[in-house]
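Below, each structure is written out as structure tokens.
In what follows, subunit A forms one complex with subunit B and a second complex with subunit C.
Let's turn to the complex of A and B:
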């Protein structure tokens, strides 16, 4: 490729990625030349500004045609735009949390790195949404994962944090290896890494034996990516990692990382296995053939996530299991394989973004105050800080999926979707039953907040038991509550934007 | 103006929110917030009503929720019926807000009362502009909540607490019917929107059986809300609430919501003769049933409550006899004169501090305003020619006769006689003769209370002239304009019906005068002759006792049986399930032993299991 060719490419479709990349570079240099003891928070604010700018540029691209550059390895379609918005929104909220996070246990030496590592991970997630090639998908995945490993262990002086990072690296390594092994089968069968090319070749697949190999590769990719989603039984790293990591990182893992995980799952499963024929052209695609495996994993994830959450006494562990459960609900949407599934997954992740980010903001405030992350620490929160308590109440109601909140609409979408095509009665019943189970642990926290007396003013706290709410936290809480309620009452604000500007189904396969 | 009709319910909501937040600080000044904001609603409603006279129906909607191909909409609609209801509800609400400033003066929870009033008014106004069943249902339930809160306002009184509970449960029984009906309709027509439903019904997309079934199920909801037999027993008990509440909710607005619902879904009902006949029969029966109970009650508010039940029965009879105009017309006039009667009764209670009419008497001279106003209301409801009730009742009787229901017509005529009798019995016992109880410091109510009554008094007289056989049926023609399917604006009937109605009503008044006014006939000539009958009536046909005996005891017996199952069977299962879930949880957390190698092993085992299953079932060995 000559330089002229290189220049003539339509680089503008990568604007959001370039913005983030440039700011990462700037932050690295600034961090290097800033005096040792200067507050690094300014880097965080620059990062937030960069993310917002990137969001604006993504918004600007909505409604256009599908474009791709670099031999179709990078593509900009409606799917990419929709999920990039979620990822950037989540990233901005995480940075808000991070600027308000009290740096201790070694983090104080690395606050600068903290911000640009977070941005690097974000960049990886963005690349994942736009990949049209197995290679870029994998690079994006690793670009997301490696900074995440470091972030989990960034509190170097804390044993917990180190353990968390170690477990995350090992499990992440295993999962990447399995997924990659699965992808290698696909490459071996088709001789291509380009998703559309693979899809084209596989739709002509004649041989039942090859279909079998492809089925195996499907399972391996599913399992490998299942780690990222924290789907059962590949979820076991999640509670340990979530508990040990600093709270903003936990929020990042549970929201942004999970969103990226669903992006890659949908992208690979639908393009590669959605078009691969089981038995000659025109026969049912492998994906439909393998629907039951998806269903089993979805059901197991919902059950294990919700049931084990019942027994947790640590709020961050509880939220780890809760996030596993939410991944289960989302997998129900993936299993149904209707054209509406893009919208229901997207909307659910949007709702999840608000309610989970808000909840982690409250957790961060409370745990910084009490120095631990026990659920019992929430006792009497209503007396000590009514606004914080009511905020958490709204977010918990949304997480539980009560009418009037975005969480309800999200669940309703998925639930209705389960009957849209071929009805999945069992899956829908498991979803309802486990949702009921989830009320117990969400309302357990509510009981602590509203009906338990606050612990006697210990350690001479006295009247000082008021919470100080830094600006970043307030921003996150307002965004979270407004989003949860607004999209619960007027869900079509979001859905109309999707339907009017982004024709995902049309774009996805072209 | 009509495009801004959605603002009308928001004013009372604003009042509710303001009073919720700062009501405690405002104390009795809360009333001004409520009064001003409902006045704004009233002004807007009047503007909307006048605009609707000349402009076509305004409807706007937007997609509220889209799931795949499923579009649920929300919005509002201003058609003739809705515009009229907006006016009635906001007018009565405004007057009650004003009246309560005097009536509730000195109450400890004064701001709370106004906050609840605001909530209720919001829900009711929202209900009458809903363009689809789902939205209607949401407001329908909210109205129920408002009513529950207001009936139980004196929650420290056992009776009030029980009455609130009873009202809520009884209406909920009806709501279950409405809910099922609504879901069935949605299932059949794929839409909650009224216009879509009517289109589907007209096009024959819904089977006849299904139309009848859904219409009757929806009617069950209306039966609960509008206190029709057999779900009427909550309404008299609801009189435990403050009297202005009785005027607003249990006379003019909420109890009329059932009638409104049937009217709003009238094309659906029209499509099924069976459904219409059911509505008419239940209506006529309720009319005479409740009127006969009203003959012997001694609590001033209870007499009015049974009278309300009876009048609502009239409205249902009208709708069931295809007299759309007659039903809506009577809904309007009834709102005026019954609200007037309740407010006047409140004024009487305010003066003598008792509700027992046996302890009243001779109040005509002491209550210079209330007396004549009460008389106007009484004349109107009795159907004395010239007042509003006369015209609307006549329309209903004509509709019943022309609809081909001679038996129901006869029942309604007898009920009219009863109505005239018990209303004048009430009037004579309260206002004429000598004071029977201890009456100290009897004084007229403040003008804040008499002025709203005056407004209603004027409307109770002239309200009927918008639709008369003599001066033209303006209201009727307007109501069916552009929608001839609803029936004719005016049903032509034989002249003898009007004469018969007049004679019957005057006879009732004359008999009441003989017994309670002139006292030339002994009071107990009837109860003496038919003592049993009197006792039966006094005990309201023992419906409550019947429910107690049969329903409650049956339920109790059934519950013992269930309890038996519960203790030995269900509890076992529940314990089993809970234990299983707990055990699963324990196992799950035990697996979570913190060892990375375990996690990896579990994952590999998981993958291996999936691969083996795949090999055995779908893959290699196939």
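Let's turn to the complex of A and C:
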């Protein structure tokens, strides 16, 4: 490629990525030249500023045409814009948490790394949303995963953290390999890695025998990505990793990584297998043919996530299972494949971002205060800090999906989708029944917060038992509660934004 | 005059109280209780004004309000696939329930004077609960109904779990889970209707279902109705879905039980009548015998078990089950007398149980017990309270001249016309009702005294307000039933039309 060609490319569509990349570079250099004992928090604030700038530039792109550069490997469509907003929003909140996180257990030596590794992972997730090619998709995935492995184990002196990183890297590596092996079949059949080109070729697939090969590849990709989403039965790593990782990293894994996971699932499944014919052109696509497998995974994820969460006594483990369960609800939307699917998934992830980030902010404050992550540590929170308790209450209610909160609207969207078109009675019933099961553990936390007295020791501390909330936490909590309630009462704000600016369904396949 | 603001204000007026309370220091017990009470008044005033509006001969449809709210869309540019509107409205039936809710809520706010701790949180949740209840009865579409229905769950959970008696947390959980399951079933029904017809507006749905070319098969409709029966059966409660309700009645604080037994249980009856019977009249007819049998079982089961209880709260809890059986009996009759009886029973039981549970609260406050044996001879120490207790019991067992009689009479009149054998079995329940209530109440008022009641203060001051108001309403309905029957006329005609067609 000559320099002229290089210059003629429309690089401006990568502005948000460039902003993040540049800031990562700046932070690395700053970290290098900063005196050893200087507080690295400033790096976190620069990171937040960069993310906000990137968000502004993404907003500016909304409403434009589909554009792609570099042989269609990087494409900017409405899907990319919508999910980039989520990922950046989640990333900003994680950094707010990170700046308020008390660095201990070895993290104090790596606070600089902490911030720019988070940003690198974020960059990976952003690349994933925009990729139009299996290769960029995979590179984005690895760019997200590798910093995440390090982040999970960044508290070097803590055994849990090391265990977390080890489990994450092994499981993550295996799952990437399986998914990649599945993708290789697709490449072998079509000779291309470009998603749209693959889709075009596969829809003309004449040989029914090859469809079996594709079915195999579908299952392998599903298994590989199932690991990433922590969908049952590939969820085993999640609780240990969530428990061991530092709280901001757990928040990152549960929100940003999950969002990125759904991005890749939707991209691959829908473009490749949504158009691959089972039996000659015009026959039903493999995705529809395989819908039952997806449904089984979705149902199993909801059931296992919600039921096992009941038995947890550690709040982070409980939230790990809760996030598995939420992945299950989202998979219901993927399974039902209605025209409303993109919006349902997007909105649910938006709601999930608010409620989970807020909840992790509270968890971070409480666990830093008490030094452990037992659910019992929340006892008497209402007495000690009524505002924090009410905030957590609202977020838990949203997670449980009660009306008036974004969590409810998100579930409603998915639920309507399950009955629109071909009705999925069983899946919808499982979803609603497991939602009721989830009341048990969400309200179990509330029981601790509101009904139980505070442990005697902390009662005695008097003023010492009060919480002082760092600025970053306050920001996260306000954003989380306002978002959860606002989108719960006026969901049309999000809908109107989507429909006036982003035409995902149209853009996705063009 | 444009009256469409009335219902929104009516439903959300308690929120004002929540806001005011939020800014009050939590130690000012008296002021908080007073504000909490005041905050229930705007809703009461508006509800009574709406009733006066009706009495003045004007249309209730003046109050209807509708706005666009939530939308579900597919491709952009397309019209929304589904829209959910913010729609509130009143019919005669709804008007009665709204007035009942407002009255009981205000009186329960007075009863909340016995709350011992954290008054601020208590009243904030209490007022939120009132919003939910008023919303449930005024919602004109199923999703809005569901939302308000769920809004009642959370405050009730906390009110029981935090301010209740010894086993409060267990009671709160079983309340949450049973009702959560009920509402889950309800949501499935709503979503299927929504996806099939594209609307959740209750009146529209009624019309669509009456149309023989409706996009739902008869079997599906029957399935939906059975699901509704389960969903509201938890709430009502119908045997064998009742065990949570016993726990709640025993463990919850008195003012919450007034609300719970007086209003929340009625949501089940309201739902069955408005949605079950209104939307699926033909299928309801198929199930009529089953419902009648369930009703008789409820009536007898409640009555027999109430007879052997030693705790007066348990007597009242089983008595509620028994009385809700009468609602089912009335509905199963599927004729005007029966349905009218059922609705009368809904209102009448709301008032009676509020009265009785208030008195339980009064007694418990003074004696720290609600066991019948320990309260024996209370008439000596507290003659006025004992007198009202007897009056409440008489109303409950259906003494002519009080509201209980009118409703039981009409419900049975209806069923005797349709299923005389079943009705005959049911009458055993009426006899049992008299037996268990007299046993319990006489045991308390005139029974053998195990302790001295000298020095106990009788009803005094503001405690008279709930007692007198409720007794007066009970007698009013008993001697002049058309306060209820005339607003109901239009509703009944609509239902009968649905059943006839």
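Details
Keep in mind that, in the parts below, the second predicted complex is superposed on the first by the 506 of 510 C-alpha atoms of A that agree within 3 Å, B and C clash if a C-alpha of one lies under 4 Å from a C-alpha of the other, contacts with A are read in each partner's own complex, and residues count from 1 in each chain.
Assume contacts are C-beta pairs under 8 Å (C-beta built on N, C-alpha and C of every residue); 3 or more make two chains touch, one makes a residue touch a chain.
What you see is a predicted model, and the numbers here were worked out from it, not measured in a lab.
In the superposition on chain A, A:239 makes contact with subunit B only, not with subunit C.
Once the two complexes are overlaid on the shared chain, A:307 sits against subunit B while remaining clear of subunit C. When both complexes are overlaid on chain A, the residue A:432 reaches subunit C alone and has no touch with subunit B. Contacts of A:167 after superposition on the shared chain: subunit B is touched, whereas subunit C is not. By the touch criterion defined above, A:56 lies against neither subunit B nor subunit C after alignment on the C-alpha atoms of chain A. By the touch criterion defined above, A:454 lies against neither subunit B nor subunit C after alignment on the C-alpha atoms of chain A. Shared-chain residue A:478: touches no atom of subunit B or subunit C.
In the superposition on chain A, A:376 contacts neither subunit B nor subunit C.
In the superposition on chain A, no contact is made by A:159 with either subunit B or subunit C. Within subunit A, the residues touched by subunit B in the first complex and by subunit C in the second are 338-340, 409, 412-413, 416, 420, 491-492, 495, 499. Those residues of subunit C whose C-beta lies close enough to touch subunit A in the complex are 69-77, 81-82, 143, 146-148, 150-151, 153-154, 157-158, 161-162, 168-169, 173, 176-177, 180-181, 184-185, 187-188, 191-192, 194-196. For subunit A in complex with subunit C, the residues that touch the partner chain are 338-340, 343, 397, 402-404, 408-409, 412-413, 415-416, 418-420, 423, 428-429, 432-433, 435-436, 439-440, 443, 446-447, 450-451, 491-492, 495, 498-500, 502-503, 505-506. Against subunit A, in their complex, subunit B makes its touches with residues 62-68, 70, 581-582, 584-586, 588-589, 591-592, 594, 596, 598-600, 602-603, 605-607, 610-611, 614, 618-620, 622.
Residues 166-167, 170-171, 174-175, 178, 208, 212, 215-216, 219-220, 222-223, 227, 233-234, 236-237, 239-240, 289-290, 293, 303-304, 307-308, 310-312, 338-340, 344, 409, 412-413, 416-417, 420, 437, 490-492, 495-496, 499 of subunit A are the ones touching subunit B in the complex.
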